[in-house]
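Here come two complexes built around chain A, the first alongside chain B, the second alongside chain C.
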Partner chain A sequence: VKLSSNGFLRNLNYAVAVVIMLVGLYAVIARRSPVKKVIGLIVMQSSVFLFFVAMGLVGSGGKRVVTPGFRAATLINPVSHTLVLVGIMLSAGITALSLSLVVMMKSRQRRSASTEEAPSGDEDAPARLLHGVDP
Partner chain B sequence: MIRKVAVIMALALVGSALLYAVAKMPAMGDAGAPDKTYAMPRYVERGLEEAGNRSIPNDVFLNYRAFDTMGGVLALFAALCATMAVLGRSRRGHSLAGPDGSPVSSSTMLWTVARLLVPLTILFAAYVSLMGVNTLGYSLQSGTIIGGAIILLTLVFSLLETTRRIPPGFQVALESTGVLLFLGVGLLGVVLGAHFLTLSIPGIAGRSQQAGRAVLMYALDLGIGLCAAGIITSVVFSLMGEGEVEQ
Partner chain C sequence: MSISANHPVLLLAVPMGFAAICPLLGAWRRGLCFWWALLGMSATAFFTWSLVGKVSPLAPLSYNLGGWGPPWGIQIRVDVPALAMACATTVVVTALVVHSYSAARSDVSSPGRVTYHYTLMLLATAGIMGLLITDDLFNMLVMLEITGLAACGLVATTGAPDALRSAFRYLVAIAASAYVFMLAVGLLYSVTGTLDMGQLSLRIDTLASGYVPVAVVALALFLLTLAVNAALFPGSWWLPGVAGSGSAQSGGLVCALVVAIVTFGMFRVLVVIYPPTLTSVHAGRAALSTVTAWAGIIAFVVGGALACFQKDSRRLFAYCAISQVGLVVAGIAASSPDAVAGGLFCAIAGAGSVCCLFLSAAALAYPAEGVEVAGMRGLGRRRPLAASAFVLASLSFIGVPFTAGFAGKRLLLDGLYDKGSYVPAALVLLGTAVAVVYLSRVIYLLFAKGHDAVESEVVRTPPSMVIPAAALAAGLVVLGVLSYLVTPALVQAARSLILRT
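== the complex of A and B ==
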């Protein structure tokens, strides 16, 4: 398979979006902490938005607001911007839902742990949630 | 160690496949690429006259594809419902760690700056929402700006104080207004004798038709913004309330 450097340089923005997505994927599959997994998901979503916005480009730049007497050739692709907008809207919901599931998971773990042994002090609960150390 | 190797191999596999696809894609900015020859010409050339907004993504978002946007708003609302089902709506917050009950340590300077900043932030959100109709910006962004202001308020003055200012009843109203506004505008089309989400008022013509369409599109836009503000506020209250109960 021959990857021409020309192809990469031409589509450098796409390649950067792929790299950012890999960073997010790394966080999702390699980190044990659920909060960090959620952060990885958000990074992956952002990389897809970046990719779509870059794909909407026409020429070396473009407008999306038309003025009287505009030339259609100077406008960006509105479809990709619209898709990104809906995606941002939904990513807020996904983030909220996954964080709430993390909170529920942790509180269940804590409850089952406290029934097995005597309940101990819980001062570092936020730190444990962040670093993913099992209680 | 094996885990690390497996992770690196998986990343290399996915990355090389994606980078190969990216290198084979049409050049960035190529006007002849398939995504720019199918739906785009119609939107770009006739968006202003057909949908009536100078910002073409606004036209697609709120008029051509308003049905899909409604699906997005309903999905957001469903996510909010699921979050509420998992966490439960927080009761009125009760005081936390510090003597003043705020998670951030108290300081007169912090309080003063936050009190100055929050109203200005909400004013900025109103500006973004109003200017977004014809320029760059959407109510979605203004909704998230309002959410940011409320997060600041909750961090600086405890959850107790913020839920006193924004009571649960008002939160419920804020969450459901967006969806109801969207459905209301959609049903208005049916009531007036056209289709669901038509965004036109049959029987009147010319300039008043355009003005009516602009008002309806702004109502949809405002609905999305209110939905975003509602979900951010409720989720933040729920998550922070959960922390208070845990401690």
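== the complex of A and C ==
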């Protein structure tokens, strides 16, 4: 985005990130399906990353490569990108755990629907599902 | 490199290292997991408790990770409040680990669960320790998530459909609030250019007036997300399900420890990053802390009132925890040294007593997993030791003299009274009266006559379930009697943080 002196345009990146986050939050709250909730979470996480990347842009923002005669004030802030990197790991963990919970919930539902019985003795299904082995 | 030079970081590194090796050990010999977790917790407890006396209220221990100092690197800082909470954490988690010994052994139908259980227990401990001692805001978020995800997994390990559903609800709550928290960190970083808590506080104070609203919005988002994570009343929709459907250990961990530790995060935000002495954000901070304090008081009373209507014992304890969180948050948001120290002491005492309620109720109900409140009739007559632990935990929760709860509540009430907040102080007393109502109903049922017919078929409760509950109850009394050793240091630390002396 070409930065202008106009205050609204200067903050456009941030405003867009917040709007995307609200879209994700809406999905998390309003959708009943667990999978759609997870999708909402992923939208939220992407919006935060956008926010951090936009934040790192300083002035016209050159790449963070140290060349003779560079001025630190004109370079992209690397810390915000590092934080995005950590955030990606964090959200990978969250997404993985939430999807595995969804899979376990679905398999329980299917089993109880097919047998119509009290829970069977097969209690280590979650363990096997976590390893990706279909029970 | 000697151990003493790296001592502060060991509080975090030891449980995390043990957690990393636990699954490998479990794949080889499943039975070793329990002993490995116990060893890990003993080592963590040793390193934590050996710091007692080395940390003074005015001179916290700090440690630069990788040798990088605050403006760029992550600093670990062990101050008196963090150390007190860390000591309580090691005791509570050790009790939870010992308590699960017989459950893990008898659980032959689901051998895979045991490894997960202990790994996640150690991982949650690592996250809690990290959250307590980190001095970096982004690091705090990461530790918050490690704790939350581990606790979530721990709830789901029972594999019951109910537990899976509540774990998912919990996960969605903490994940959504984590992203909002991260946005708030971004907002604050964009105007201050640092993540270190001490530096943040200095730079917020010198913000140009155009950027002050950003810092205030960030504070509002921090408080909002931490309120959801700590199950402060309207944000507590996920907690009763988690307590009611998981195992006793996961319920104890989440309701007693995780929520108490998140309120400590609120202390970090409200007292360390945004102390009341800041002039730039003074008006916004005052408004937000007032709202938070009232939310806490209301949560304390409403949580207690809702607890009166619970049929399931573990949901009742969850509402105890919700009410306790309200009290702690009210103390921290009141932001006077006595109230903050009282709030932190209440958090420690509350963690011990809620965990003891969970563990002693599980020992009373054994071999059943959970129990209705009405089903507890007469159980105390059969198992007097577990029942007396339950009674002591209830007394401490209510705040009877010579228990830990009394010392915390007295300090908190002192703080509120000195500030002239008479209505909140009166509401704290009202909430305490409500706690007397719902806990005395359970205690009455425990010792009421009934169930004489089944006396002969009583299964003996394994000692590994009774001893941790009894030890926690004894610890609550010891902490109550010896509270004069802890509270002055807490008050002094809170005063130096609030007044910036």
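Keep this in mind: the second predicted complex is superposed on the first by the 107 of 135 C-alpha atoms of A that agree within 3 Å, B and C clash if a C-alpha of one lies under 4 Å from a C-alpha of the other, contacts with A are read in each partner's own complex, and residues count from 1 in each chain.
Methods note: contacts are C-beta pairs under 8 Å (C-beta built on N, C-alpha and C of every residue); 3 or more make two chains touch, one makes a residue touch a chain.
Every value quoted in this text rests on a predicted model; they were computed, and no experiment measured them.
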Which superposed partner A:Met21 touches (first chain B, second chain C, both, neither): both
More chain A residues in contact - chain B or chain C: B
Touched partner set for A:Arg108, first chain B, second chain C, both or neither: second
First, second, both or neither for A:Leu41, with chain B first and chain C second: second
First (chain B), second (chain C), both or neither touched by A:Met55: both
Touched partner set for A:Ser80, first chain B, second chain C, both or neither: both
Partner chain(s) touched by A:Ile94 [first = chain B, second = chain C, both, neither]: both
Chain A positions touched by chain B in one structure and by chain C in the second: 18, 21, 25, 55, 79-80, 86, 90, 93-94, 97, 101, 104, 125-126
Chain A residues touching chain C - in the complex, by the definition given at the top: 17-18, 21, 24-25, 28, 34, 37, 40-41, 44-45, 47-48, 51-52, 55, 79-80, 83, 86-87, 90-91, 93-94, 97-98, 101-102, 104-105, 108-109, 112, 119, 121, 123-128
Chain A-touching residues of chain B, taken from the complex the two chains share: 3-4, 7, 10-11, 14-15, 18-20, 22-25, 27-29, 31, 33, 35-36, 39-41, 43-45, 47-48, 54-57, 59-61, 65, 68-69, 72-73, 75-76, 78-80, 82-83, 86-87, 134-136, 138, 140, 144, 224, 228, 231-232, 235, 238-239, 242-243, 246-247
List of chain A residues in touch with chain B within their complex: 1, 3-4, 7-8, 10-15, 18-19, 21-22, 25-26, 29-30, 54-60, 64-67, 72-73, 75, 77-82, 85-86, 88-90, 92-94, 96-97, 99-101, 103-104, 107, 110, 122, 125-126
Residues on chain C engaged by chain A in the complex (per definition of touch): 109-113, 116, 138, 141-142, 145, 149, 152-153, 156-157, 159-161, 164-165, 167-168, 171-172, 175-176, 178-180, 182-183, 185-186, 189-190, 195
